[in-house]
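Letters A, B and C mark the chains in the order given here, with residues in each chain numbered from 1 onward.
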Amino acid sequence: MSSNTPLLSLALTAVEACGTLAFALSGLLEAARKRLDAVGVCLVAGLAAFGGGTLRDVLLDRRPFVWVSHSEWLWVLLVLCTAAMVFLRTRHFEPTERAMQWPDALGLGLFSATGTQLALAQDLPGIVAVLMGVITATFGGVLRDIVCNEIPTALRDHRPYAVCAFAGGWVLWAAQHWGLGHEASLLLGAFTAAALRVAALLTGYTLPGWSSGADRS
Amino acid sequence: MSSNTPLLSLALTAVEACGTLAFALSGLLEAARKRLDAVGVCLVAGLAAFGGGTLRDVLLDRRPFVWVSHSEWLWVLLVLCTAAMVFLRTRHFEPTERAMQWPDALGLGLFSATGTQLALAQDLPGIVAVLMGVITATFGGVLRDIVCNEIPTALRDHRPYAVCAFAGGWVLWAAQHWGLGHEASLLLGAFTAAALRVAALLTGYTLPGWSSGADRS
Amino acid sequence: MSSNTPLLSLALTAVEACGTLAFALSGLLEAARKRLDAVGVCLVAGLAAFGGGTLRDVLLDRRPFVWVSHSEWLWVLLVLCTAAMVFLRTRHFEPTERAMQWPDALGLGLFSATGTQLALAQDLPGIVAVLMGVITATFGGVLRDIVCNEIPTALRDHRPYAVCAFAGGWVLWAAQHWGLGHEASLLLGAFTAAALRVAALLTGYTLPGWSSGADRS
C-alpha cells in the first residue's frame, strides 16, 4: 500500500467500495442476459467488479489485491448475486441498468482517479499513470464482455467512457503536479471524470469513429 | 515455494501432473473441434493444462510456475499433441471425452485442494484461499474456451464443476483450521471435491440458474 | 533489466520499436474492420503492440514494462491511431496489410529472439525460454483477436507464424549454448525466425492440421 495518510487510505477504500458495487451489478445483469448459471453469474459479477483493479495491481506489482485485503467484499458479492438470482426479474433489467448509470459514473470517476494516483505514487510517467486509471475503470467491463463472448462495449459503443477516465486522469496529474494535496487532486480528478460521463449521458454525445464514412460500406 | 515437507511437495507435484494431463486432453479436443492448426492445438492444450495454475501463481505472486520448474511437462504436452493429431480420429472424440470425465474429476479435486492449500500457506483469508482453489481448477478451461471464442462451459452449463471445487476448498480449510495435518486436509479436500463431481456426473444434477423462468422469454 | 552491455540494451530497444509499430498497425486495421470507436482503435492497437511483451514480462516478473520505461511509445501510438483514423481509408486496408507483412516478419524475428534471450538471462530451461519468445511474438496478436471476438488467427490459419518464432528461439538457444556472444546469437535467432516467415509467405506453405481428413466432415 502506497497511500501516505490514513485519511486518504480510508477515502480510497470507500471510493473503491462504491464503484465496485455498480460494476458488480453490471456484470450480474450481463451474466443474466447470457443465461449463465449460478457460477457464471458470480464469476462475471466478480470479474466486472474486481477485474480492473486486479489487472492494475498485477501491472503495478502491488499486493495484496483489494479483494484479498478486504475479503469481506467477496461475501458481499456472493450475497448480492444470490439475492439478485432470487429476486431480480428480467423486466427489471432495463430500469436497473438505467438506475445504475449514475453510481456507475461515480465509480468511473473514483476508480480512474484511484488508479492514476496509485501509479503516480510509484513515480510512473503521466501517460502511464493516466492509462492505469483508465485500466482500473474500464477493464472490469472489458473482461466481463470478453468472458461473455462479446466485443467489449467500452471499445465499440462510441459513447465516452474510457475517454472520461482519460481526461480525469490528466486533471489529477496536473493538479498534483501544480502542488495540490493528494486528497484534493484525487477529488478533482474523480469529479472531472464523473462529470464528463454524466454530461455525455445527458447530451448523448458520441465519439468519432473511423472517418472513412463514404467508402466504409 | 511455500510447501513445508518434502513429502507434501512430492504429493502436490504428483497431483498436479495427474490433473494436468486430463485438462490438456480437454483443450486438445476443443482445439480439434474448432479445426485449429498444429500451433492452435498445442497452445489451447497448454492453456487448458497450465492456465489455471499459472493464473493462480500470478495472483499469489509465486514463481517459478509449474511449467517452468517442471519444464519436462511442456515436452510431454508437445508429444501428446503430436500423437493426438496423428492418431486420434473425430469418431473417437465422444468416447475420449466420456473416458476423460473420471480423471478430470480427480484433477478437479486435486487442483482445487492444491490451490487452496498454497493460498492458505500465505495466510490468506478462507474465502480468498477457496477462490484460489476454484481458479486453479477451472480457469484452464475458462481460458481454453475464451481463446476458442466460446462462452466458457464452466459458467453456463449448469453442471456443478466450480461449485465442487468451492465445497472441497471449504472442507480443506475447515480441516486445517481444526488441526488436521497438511497431507490429511489436502486429501480430504481433494476427495470431497472429486466425490461431489462424480456424484453430479452420476446423478445428472444441475445448478439453479436465473430464477425468472416465466418472464425470461 | 537483465541485459548486460549498453550495446545489447540499445539493440534490444531498437528491435522492440520496429516490431511494435508493425504490430500496432495490425491491431489498428483489425479495430477498424470491426468498426470500433476511437477508444477501441487505440486500445486494440496498444494490445497488439505491447500485449505480447507485457504478458512475457508479467510471466518473467520483470518490471518496468517497455511501455513504462519508454512511455513516449504510448504517445507515438496515440498519434498513429489518430492519424490513421483521419487519413486511412478502407480501400487502403488491403495494400497496407500486404505492405506490413515484411516489417511484421522482421518484428516476429526480433520479438521472439528478444523474448527468448531475456528468459535465458534468467537461467530458464530452453523450452521455457523458447516459449517466452513465442509468447512475446504472438500474444499481442492473440489478445487483439480475443478482444475483437475472433478465434486468434495465429491458432487457426495454418500459416507458419508461431512456428517460425519457435524455430528461431531454438537456433538462438543453440547458438548461445555453443558459446556465441549475446549479440550474435540474438541476430542469428531473429534472422532465422524472420527468414522462415518470409519463406512461408513466399511459398504459401501451410501447417498440417488435424490429420483426420476423411472422417472430419
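In the analysis below, a residue touches a chain if its C-beta (ideal position, glycine included) is under 8 Å from a C-beta of that chain, and two chains touch if they have at least 3 such contacts.
None of these values were measured; they are calculated from a predicted model.
Chemist: Work through the pairs of chains, note which ones touch, and then classify the graph as line, ring, star, complete or other.
Modeler: complete
Chemist: Expressed in ° and rounded to a multiple of 5, what is the rotation angle of the C-alpha superposition of chain A on chain B?
Modeler: 120
Chemist: Would you kindly tell me how far, in whole Å, the mean C-alpha position of chain C lies from that of chain A?
Modeler: 30
Chemist: Pull out every residue in chain B that's touching 2 or more other chains.
Modeler: 58, 146, 149
Chemist: For chain A, which residues count as touching chain B in their complex?
Modeler: Of all residues in chain A, those touching chain B are 31-32, 34-41, 43-44, 54, 58, 63-65, 67-68, 71, 74-75, 85-86, 88-91, 146-149.
Chemist: Quick check on the complex: what are the chain A residues that touch chain C?
Modeler: 58-59, 61, 124-125, 127-128, 131, 142, 146, 149-152, 154-158, 161-163, 206-212, 215-216
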